[in-house]
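Each of the next two complexes has chain A plus one other chain: chain B in the first, chain C in the second.
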Partner chain A sequence: MRRIITGAGLLLALAHAFAQDIPPGDRRSGYEQMGRETRAMQDDDSANPATFWVLEGETSWSKKTGTANRACSECHGDAAASMKGVAARHPAFDAKRGRLMNLEQRINACRVERQEAKPLAYESRELLALTAYVARQSRGMPIKIAPNPQSQPSLDAGRALYNRKIGQIDLSCAQCHDQNWGRHLAGNAIPQAHPTGYPIYRLEWQGVGSLQRRLRNCMSGLRAEAYDYGSQELVDLEYYLMWRARGMKVETPAVRP
Partner chain B sequence: MLRILAVAAFYVSGATAQDAIPDSLTGAKGDPARGRAIVANRQVGLCLLCHSGPIPEERFQGDLAPDLAGAGNRWTEAQLRQRIVDSRKLNPLTIMPSYYRTEGHARVAPAFRGKPLLDAEQIEDIVAYLGTLK
Partner chain C sequence: MANALVTVPKTARRGEIIEIKTLVAHNMETGYRRTERGVPITRDIVRTFTCTYNGVEIFSAELRPAISANPYISFFTVATESGMLAFNWLGDNGFAVSTSTYITVT
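Now for the complex of A and B:
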């Protein structure tokens, strides 16, 4: 009897050890696991509270600011044309600065260098609004992350972070999002963690938040010390998650429970 | 591959020796009523985040783990104690946290550093409660 149990345990362990990435055909956005009402909120711009942030972002886009007294629109023109696809390919490696930058960091780089204004704080309403407005221009486009030799180390680092057990609870992202997606942690369906819709309006937050806020939430849930906003680790994780979701469609601004 | 070999070696050698912790961690018997309250509390026991159990007043129980009903039939108290103290001794890949282990954790938030998820008395209370689930 003991032998049979040991054998079964071994098989189970082997099955887990070989646990692979989610096959491309099985990937789903968190949207597909939401209830009908929450989906309806996302589907209808006039019911989606994130629309307020998008509209505010549109206002910021053409507002002169900083010592240079310039607006985003003076350099970039109509966002519907110039910003189309931008969110679908971020984070992206910036050759000039020699580092990977996410969309918020890209927006802040323009603020500091071209508008000569102070960078906007992470999770500030204005940065979320501008990011939501810019990302909105990619809605419906496939996520396109193509690592190159310079960004490959970030992809590898992001993957390592995703698979690393952290916190007093001692679980990795993969243990929930690759191995247990679709099951329920208390009442909450575990999504596959595809960052298709950021910034999102989250019902639990009663507001819009960034992908980094979401990642930090999961880390705190594990009773781990969350990485700082803007840290290399969080940008690497964002990059890995976007690569993992490559080909899936941008939903920004999404709604999540 | 090394990891798989290690796991395999572990299963062949250690499984039975690690299956049970016969002695109470406190030297005393736990209190099943307190144990039930800890299991039911999602900030303290966390059990119902993953498990379901015969605690009808708690809605939204998890479905990541076996139902706790009948745990006292399936396992002796010594086996239950091992499963709470360090489930990963039995199955290194399980998602069940090791409630009485403090080493080997990475990036623990300052408020929880060096502390186990539950203390010895709480674990004995839970063991006593699970033992009543027949």
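Now for the complex of A and C:
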């Protein structure tokens, strides 16, 4: 009997936790909470400094590299056609490797296997540039994450991490981004945390950074130990966030305060 | 890698007011920060920006440490004649970037 009650209590607690999900009609990109000037920066490629990264990525795209002395363009051709929609469906489960991979990991896997080059370091300028260039080709397309039986465990793990209280501050992602979005934390508006525009040009960083850099920022803000770049936990969380933002439009390269 | 992005209309009517937008890639290190070990980071900023229209200076700016990275400067001018708009950024540590673009005025 006791076990049944505990079970029912747990179900109730779970139902309560997930009942707080933002209804699809109320979802807002962080873009909508930005000031007029910051929105203008994003709207105009000639005012958006992330354009430098995109152009650099375009150069890398057709540059021969690695032992194979091969450029991305030799296999993939014109990125405007071949990379269209790719960022909108990442992270994605890779059947061959049997794991979930985000866009940065996908680019590095290609580098190692096809170009026989060294993988680019996470958050290095070159990897950010290539990622920004590839993701730019999906701008305006709806995010399309469709979990399958193989990726479902990652989605569940990401959701669990999102709802778990962490750090000395003892807050979960959901407590700010589901339950208090639109309010202010110190002087800053709390967004709903939809990763629609990564890699982003963040004014606070004075440069371009990845979604994992942003997630790690939030974790250190909670005085939690941040997971390492490329760790399964962060990829799972990215996957959950992208699934949560499914149907919203890709804005890469977005500008955020 | 492109160091500067300049947006100027390709053509304009004589007497038309045109907007010129410029963006230059630069860290704009203020000189007021320190490394994790407390060592001061020396200043490294863009110092001046100038724009000439067929050799005549039409706009210039002095930049300061409080200006953010990758400075964006936009301004307006009157399209008087066809010719070359030249842009020039100079900064600390020998930083020098220049670019130019042709405008046809009818």
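Criterion: the second predicted complex is superposed on the first by the 238 of 257 C-alpha atoms of A that agree within 3 Å, B and C clash if a C-alpha of one lies under 4 Å from a C-alpha of the other, contacts with A are read in each partner's own complex, and residues count from 1 in each chain.
One rule holds for everything that comes next: contacts are C-beta pairs under 8 Å (C-beta built on N, C-alpha and C of every residue); 3 or more make two chains touch, one makes a residue touch a chain.
Predicted model only: the values in this text are computed from it and were never measured.
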item: First (chain B), second (chain C), both or neither touched by A:Glu56; value: second
item: A:Ser220 touches, of chain B and chain C: first, second, both or neither?; value: first
item: First (chain B), second (chain C), both or neither touched by A:Thr67; value: neither
item: Partner chain(s) touched by A:Gln206 [first = chain B, second = chain C, both, neither]; value: second
item: Partner chain(s) touched by A:Ser46 [first = chain B, second = chain C, both, neither]; value: second
item: Residues of chain A at both interfaces, chain B in one complex, chain C in the other; value: none
item: Partner chain C, residues of chain A touching it in the complex; value: 41, 44, 46-47, 49, 51-52, 55-56, 59, 203, 206-207
item: Of all residues in chain C, those that touch chain A in their complex; value: 1-2, 5, 7, 21, 23, 25, 27-28, 68-70, 72, 74
item: Chain B residues within the chain A interface of the complex; value: 3-4, 7-8, 11-12, 15-16, 42, 46, 48-50, 59-64, 91-93, 95, 97-98, 104-112, 115, 117
item: Chain B contact footprint on chain A (complex, rising order); value: 2, 5-6, 9-10, 12-14, 16-18, 164-171, 175-176, 179-180, 183-188, 220, 223-226
